[in-house]
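Each remark here refers to the structure printed beneath this line.
Chain lettering (A, B and C) follows the sequence in which the chains are written, and residue indices restart at 1 in each chain.
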Amino acid sequence: MIIDHLDDPLPGSSLRPTPTGAAYTDREVFAREQADIFEKMWNCVLRADAISSPGEWKKVTVGREELIVVRTRKAGVKAYYNVCRHRGMRVCTGDEGKAKKLQCGYHAWTYALEGELVAAPNLTAMPDVDREEYGLKPVHVRQWLGYVWVCLAGGDSTAEPPDFDTEVLGEVRTRFGQVESIDNYGIENLKLGQTKTYDVAANWKLIIENFMECYHCATIHPELTEVIPEFADGLASQRKNGEVHGSSFGEDIQGFTVDGSAGVAALPAIAPNQDRKYYAITVKPQVFINTVPDHVIIHRMFPVSEQRTIVVCDWLFLPEVIEGVAEGRYDISKSVELFHRVNLQDFEACELTQPSMSSTAYARGGALVPSEHHIEEFHTWWQSTLALLESAEMHQVRVG
Amino acid sequence: MIIDHLDDPLPGSSLRPTPTGAAYTDREVFAREQADIFEKMWNCVLRADAISSPGEWKKVTVGREELIVVRTRKAGVKAYYNVCRHRGMRVCTGDEGKAKKLQCGYHAWTYALEGELVAAPNLTAMPDVDREEYGLKPVHVRQWLGYVWVCLAGGDSTAEPPDFDTEVLGEVRTRFGQVESIDNYGIENLKLGQTKTYDVAANWKLIIENFMECYHCATIHPELTEVIPEFADGLASQRKNGEVHGSSFGEDIQGFTVDGSAGVAALPAIAPNQDRKYYAITVKPQVFINTVPDHVIIHRMFPVSEQRTIVVCDWLFLPEVIEGVAEGRYDISKSVELFHRVNLQDFEACELTQPSMSSTAYARGGALVPSEHHIEEFHTWWQSTLALLESAEMHQVRVG
Amino acid sequence: MIIDHLDDPLPGSSLRPTPTGAAYTDREVFAREQADIFEKMWNCVLRADAISSPGEWKKVTVGREELIVVRTRKAGVKAYYNVCRHRGMRVCTGDEGKAKKLQCGYHAWTYALEGELVAAPNLTAMPDVDREEYGLKPVHVRQWLGYVWVCLAGGDSTAEPPDFDTEVLGEVRTRFGQVESIDNYGIENLKLGQTKTYDVAANWKLIIENFMECYHCATIHPELTEVIPEFADGLASQRKNGEVHGSSFGEDIQGFTVDGSAGVAALPAIAPNQDRKYYAITVKPQVFINTVPDHVIIHRMFPVSEQRTIVVCDWLFLPEVIEGVAEGRYDISKSVELFHRVNLQDFEACELTQPSMSSTAYARGGALVPSEHHIEEFHTWWQSTLALLESAEMHQVRVG
């Protein structure tokens, strides 16, 4: 019932309905979202260059699982559940490290970077222990845009994840548009200029919904609407009349910075219609990509509970810009400050919305104005994803 | 079952039973109390003079709902759910403020003090949006004793709340007694001398039960029993043999103060049998009214969870006394100190009782001595209130 | 299902299975463990000499209940639920005290040290109140090894607890072995040299399992394996080929101390095969007993939640050693330091294991190597204890 009333008309207007408040507060709904969305889809978890040499690993969280992402000797990247196959202790402790092998600190069960069990006390006395079977449990891994993407579908890598090439990569390219190709930005070759982590006391869907509309821009984003005046009209930067549409900088604006002053060196391969423009897309379920001529901003979301979400935001620049910052030739602080303020403004709005979700005054949900149509599409996707899974589960029960 | 064994006799005595421990610890019971008691009955939430000029508003909590109480231009008082009708954000932030209109900080939907939607970005492009239908959701409001009382019954003001004149006002006057009329104290014209807020780690029912008997007075209230010696006998101040009965000050006591010294200027209209007397009544579900010749003490309870309750206590005096305090002619500190100590003593007892409620040694509840008969009446009311609603719900299910 | 798959074979090896991760994270399972294990079996709660003279009492927690353990005038020890029979307030506040009678601080209901109700305001006006029936609710008490053991079985002392002489005392003596008799250590006459309390963020079963195997010793206990070299081979100190087996000190080790230096005065009655040996046994559900020639270490566990356990560890020595410490003739710090480090090392491992219990990678549990056979016996006991009770409950439902 919680996920099932989007087709009911709203009284007293032609505005479109939202999910009920319970969709943002119910623990069962959140558990299903973790299981059926975050633990089944591709998640962008890490800059690939954060683990640059063999044996470097980092811990990440996807859905309710803690994973180790490690660079192997063959320069590939693998990811495993951080769970020893013997008695379950966390194999890696701390947030990151570098090791030739991954050894559990409890009974010294030892795994190769490629995952298989290679040593354990008295292991030779247990010859029937299959080294692959008792290897670390892997998850699916891909790299794109310079990031590591993982998918937990099926619980191990023998199960089929959603097809990355069509579901993520193709979908993003299509939505971004052929001419405005995201490839022009060369994101996989950019370097991290700044990263900021936000601990947001709001449901992950409120954060996505906020990102999908600009009806709020005039009210809460004074700096952003100064730089991109058309945002003051409340229209988001994505499609318009079926065509991709970047949002133009104001006439007197020199760059995408907090005060409209010039930015840094532009990305060399961008097309003319990408100059002086801001583009933004959402890659469901947890990534936002924002591009401007001289940098790219990428948000990754990690839902913690029905009312708490960690958001990590990266600002990416050309390698020569990052080098230039160290040498004092470039200053990215004004570039970073603009979207940092936007983030703080947005997340405060989300945090002030979350508590209302449990009010009886929101028991039937809220209303979407016409310029919030992207949100409606998101709600439809969300509803059908959970409903499909629900019906599949019911089917399983019936035939099982 | 939790609410249903008050008629079972106790073994080994003629003492009367209490509800089981689970009535004070069970989350489901508490949720039903919030829904069926606090969100259906009249709640005393605010001194009316705390919002004295048009546009002044304060936030209050009733049951599980956050409300805005605002003084309108026509000098009336209105109360609304603090939930924007668009996407749900808290319309008012902070605890209080003053505004010509109530504007949501997310998308600038703007409401008149009287509630209707009066402005929003692009609203003229959405002509079918009904300004009343999309106004702030109101709750019922009344004023009495200088306080704002609200009732959430029905979820909006078109549903009928319990009749204030009979259920609250009439009931209080009757219980207080004709001769000892509460009206003599002129409470609506008194001014706030002091307010104290107590965060009590106990179920709200323990706080009411504590207030309803004086069997504990000799043990925990040395100052109070010094001022009112008959409390040392363990009898509460309310009815006795069917007649209202104020509790007399001790012979050498000059006023209702922490050391029995003289108080301040007496309330002019009190009757002879109200002089040198203390009266107290409980207005279910969340108000205690205490009167003495020179001031009135009013407690409002706000249950937060099954084991936590906020209690706000006001000490009210004549306007000239409050003025005199500022000018150094009057000192109310000894008056305030007496009941402040009583509060601290009572709430400590409640907090030391709460953890036992989950013990198997209290699984069948406790026992009431004869002088605790008011508590038994409260338990009977509580049981029948929840049971009636339970049977109504069952009926709904059967016929629905 | 959670407690029911220990007989399923593991794939890819002949290793033995453990319970599923849910057994360590599920609140319902934990509630059943509290009710059916900790609140039904004998718990070791307190050094008897901690309450040495009549009227001295201490608070302890068993399962979900707070108890008062008090020494009575006849030099016996009694234990009661800390719940007043009137309205339930905690009778004793604070952690310990001394009193001639136990008086509730709310309404002054007063109980003899032996439990019966002896006084209350207006009690003479309530002649039908049975003083025994309204006495403090007792629990079963025994003393052994200088400790007070309590059992809540049946909820009051008229119900039959498990037989202490066979279930605890006899079981411990048998498992310790006739020749190596635990009695030789004279534990009941030892004195407390040091006590340390550990607040461990792990399920109680992980702590028991850790104590039952030494497969981890080489990895995490450098000091212990220095003192007892055979522990480096991963074999625990208990039975071996059906025979009791103490673990020998290393050749150059002088005592059971953190650096292998000499300990203090040996316990006079130990047998030759107890010299230079370490013995350890688990007394289910919450006691570990460790003996070495000059002291005894006793752990008591108090589960708080499915993921939190308080462990109290006592180091016991001869009375003359304790006297000597005060006079500077003896130093027990190196003796205490050895097992304190072992405790910290073990509990860190347990805390790093707990979070994995909720991973899908541990949904089917882990694997036990052959030297962890004690754990398998523990799991079998745990499963059958909960299952038996489950089937008894089902039977009750069927016939009730």
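Definition applied: contacts are C-beta pairs under 8 Å (C-beta built on N, C-alpha and C of every residue); 3 or more make two chains touch, one makes a residue touch a chain.
Given the structure is predicted, the values throughout are model-derived calculations rather than measurements.
Of all residue numbers that take part in the contact between chain B and chain C, under half occur on both sides, making this a different-residue interface. Between chain A and chain C, the superposing rotation on Cα atoms measures out at 120°, rounded to the nearest 5. Per-chain CA centroids place chain B at a distance of 47 Å from chain C.
Looking at chain C, one finds that none of its residues touch two or more other chains. Interface residues of chain A, counted against chain B in their complex, comprise 11-15, 18, 21, 209, 215-216, 218-220, 234, 349, 352-353, 355-362, 366-371. In the complex of the two chains, the chain A residues touching chain C come out as 39, 64-66, 81-90, 93, 105-108, 120-122, 125-126, 128-130, 132-134, 137, 152, 155.
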